[in-house]
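Two complexes are shown next, each including subunit A; its partner changes from subunit B in the first to subunit C in the second.
This part shows the complex of A and B:
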């Protein structure tokens, strides 16, 4: 397998699509009510140093992905064990996102179709994309991100007449605790999920560009998420939002431009599905790469189909229903994901600083 | 090997021809009964729910230009049960996306509360949240759907059309179901809905939307008349048009001001005797009717008309606010929400007892009416000798 590389711009596009996909539709936990934007700002501020750590890892180990780093820092056995947990995490995350889509299609547009049918369609598409390689994912992400952002922008403009700005008052109505709790939620879902992007770092060519790529990705997608949440809040009001599974869908369905442009929520779902394909593809890619690294396979391509099918089946039986899914996403996930997103990367970072320094000293001595 | 591959490719293409060409559960339009509107009553015989739907009759011959309608009723325990059971009467599944109105009978709205009936409507995925909600002032809600409507053949669509043009009348609020639920859920805000009557013409009767049903929580507690509704809309900053009649010096209605635009600003003030709500309205109007020969003679009389209009507006807005406050104790104006937004600390103390606090509020109203034009003529019609 020749080395595949993608440009920084493509990587940023993947980052953006990766982060906005499910939060576009699921909406966030609604503890903080109308101050959701404050908690999002906080979450972005928390995510920036973390993302810098991720980027620093790339600078320490250029051309390596997270699995190489784990093995290099923790040793061959322990590194592989930790790598297995990341394989699980990316597989699980991909399944969660697929399930979001499955529940969406089951609840709203295709109520009588078994959930597995649309999920399998998307899953197979992702398998195809991943087998084609990261270059294909990168190129399509770069093209599709423009489409998604454009569509969001148009919907934002169409929603302007529906905005009720008084919903913003009073600021911090539910107190700081609620805001902090929501900030933690938004930090773990979706901002810090970028840890999985480490799994494709070996395809990033330029040493120095990792900071720029990751930071611009986080800031742009954070901005987009704030705008989308604000739109939903201003259109629907903080009370209604808490009762909805898919607030964006409902907010978009309120759009009525002169009794002519109505019922556009169906087409707005395209943005969600588009971003979702990229996110699931990347999860699948990282999981397959991980398997290949742990078991010393020549190419990850031989396990893509199997992993993809496992992911689809996992997403079918992982939750009993949409209520369970929402409970997991907003209450359990932030605790569950914390080790993957913060603790292990921190240890990895500290460890790799030491390892890299020691190696440098060795070469200097030699 | 290549041939096997080619064969496989052809097979996949053939398979997708079958699989992709149709939707999973595709339904032809003529297998659906399209619902135009729905009325909710209580069956007097057994106290169960009585649902009446107006269906669009899609048959229509070549000569008929308008679609006909049909109404069917059925009783049952829950909304969804009835909706599904209706298939046993129509033979077709009901299609809800084009439904335009929900009419709830006054009896049901007063005694049972409306949450019981509208939850299904907002929860189900086949329905849409942008239907208009009404309360029937007649004995039942179904008799309104049974009416022969005047302009369009389908009563529900005519009602929806009335709501769209309500902004030129301002005699009733325009409430879509999501808006209604929004108000039910909000703290410090109560819901309202327009009333619908049967209006008797000489030989025929038609439906008429007029006045407001006032809710407290999800139960209807009272009504406002056509005129009161207009001033209620003024207080809510929901007025978009309509006519403001003004008396002359002797108290005879003489002038009509057409409302061009209105802006109402509401400000809560903390005073020693509790909270005072200051309401300021600024209304731009056009003078569109002068029913006397000396009503509008010069610039001065325009000022006088403005002043009389202001006084009347202030008086009437206060009247309707006091009526709602004292008789219904229901904060349909959303003053609670405004206090919540602008005086969050004070609101924390009164959140739980808002109904009580609301009845203690004091109000002042300041109105400004401006006559921007007098349409095509500059003065009253003069009577020559």
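This part shows the complex of A and C:
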């Protein structure tokens, strides 16, 4: 496979877009009510050490991705079996994100259009981006992240007159258990999903600091998500937020600047779609790289189209309706994703430290 | 619609797996063909409105057992 490299800045941009995409629209689990920002702060605090472990893996295996690491640490057979689980996870996550978009388009802007049509359009766009290579995804992310952040900043400013600060009180009204439960939800979706970025670690130059790149990505996107959640909370209030599927869209639709600047929710939908394209592209890229590694293919590009089509089809029949999607995202996903996000990377990290030290000792003896 | 899917996949086979075979990438061709067959089966089932088992109830069952 030819070596593809992206800069640290592009990698950070991919991380930001990857993390803010669905959470911009889906909102939080909502058990903690108006204290959701506390649970997000807790989630970010929990995610930082995990991201350091991911970055340490890059330091131990520079120029390698998660599939190379798994095969190097667990051996050819067991490594490939675990790699298959990550192929499934990336395919599944891509399908979940596509379904979020499908449900959004079916519920809000394109109510009469079959759900598969917008999902297929986005899916084929992602197939094209992945076939073009990670450099194209990186360059697109670097440009689009500026647009998305600028647009979010403008919407935040326009929302200021609508803020009702009494929504923030009383703090911790639903108790610490609800806050911790929401913190776990926010930790798994989207913060710890950065585990999939390990699938593109081979494209990060050896000299680039993975710690700096990943931590800055997680902290910036964490900050953006807190600001968006706070805006929704201050505009709508906790009771209304829990009854909505897409609270950001509704919060943005309330903006009215002098009866002149109104109905700008479409622009927030554009930010959602642009971030979503990057996330689905990365999921598809990692799934294709995984297939190429497991089956020892010449190029991951050979399977991109088929994997992309399977991802789109999976997103069609994965949930019965929007309620099933919401239930899975906020109640099931945190437990389901835990092994992929925490347990396997922890075992991989410990194994990597042992393997690298053993190799160093062997070299020193020789 | 089903006929359209068959024609569409005939075109996809020509540009994707057959293209790999022409380049001499045999292993890539076999894997791509297997995935193409899988995606065709799912696409055809969706077109015919056949019930495809979703992995979600299975995952939910596992997670509920853990709780």
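We take it that the second predicted complex is superposed on the first by the 362 of 366 C-alpha atoms of A that agree within 3 Å, B and C clash if a C-alpha of one lies under 4 Å from a C-alpha of the other, contacts with A are read in each partner's own complex, and residues count from 1 in each chain.
What we mean here is this: a residue touches a chain if its C-beta (ideal position, glycine included) is under 8 Å from a C-beta of that chain, and two chains touch if they have at least 3 such contacts.
Remember, predicted model here, so these are calculated numbers, not experimental data.
Touch criterion met: A:113 reaches subunit B, while subunit C stays clear of it.
Once chain A of one complex is fitted onto chain A of the other, the partner contacts of A:92 are limited to subunit C, with no touch recorded for subunit B.
In the superposed pair of complexes, A:324 makes contact with subunit C only, with no contact to subunit B. Judged by the touch definition given at the top, the superposed model places A:335 against subunit C, while subunit B stays out of reach.
Of the two partner chains placed by the overlay, only subunit C lies in contact with A:296; subunit B stays clear of it.
Shared-chain residue A:316: touches subunit C; no touch with subunit B.
With both structures placed on the common chain, the touch criterion links A:173 to subunit B but leaves subunit C unconnected. Of the two partners subunit B and subunit C, more subunit A residues are in touch with C. By the touch criterion defined above, A:4 reaches neither subunit B nor subunit C. In the overlay built on the shared chain, the residue A:240 is in contact with subunit B alone; subunit C does not reach it. Shared contact residues on subunit A (touching subunit B in one structure, subunit C in the other): none found. Subunit A makes touch with subunit B in their complex at residues 107-108, 110-113, 117, 166, 169-170, 173, 236-237, 239-240, 243, 250, 253-254, 256, 259. Interface of subunit C with subunit A (complex): residues 12, 16, 20, 25, 27-29, 31-32, 35-36, 38-39, 42-43, 46, 52, 54-56, 59-60, 62-63, 66-67.
The touching residues of subunit B, counted against subunit A in their complex, run 24-25, 125-126, 128-130, 164, 178, 181-182, 185-187, 337-338, 340-342, 344, 347. Interface residues of subunit A facing subunit C in the complex, by the touch rule stated above, are 92, 116, 291, 295-299, 302-303, 305-307, 309-310, 313-314, 316-320, 324, 328, 332, 335-336.
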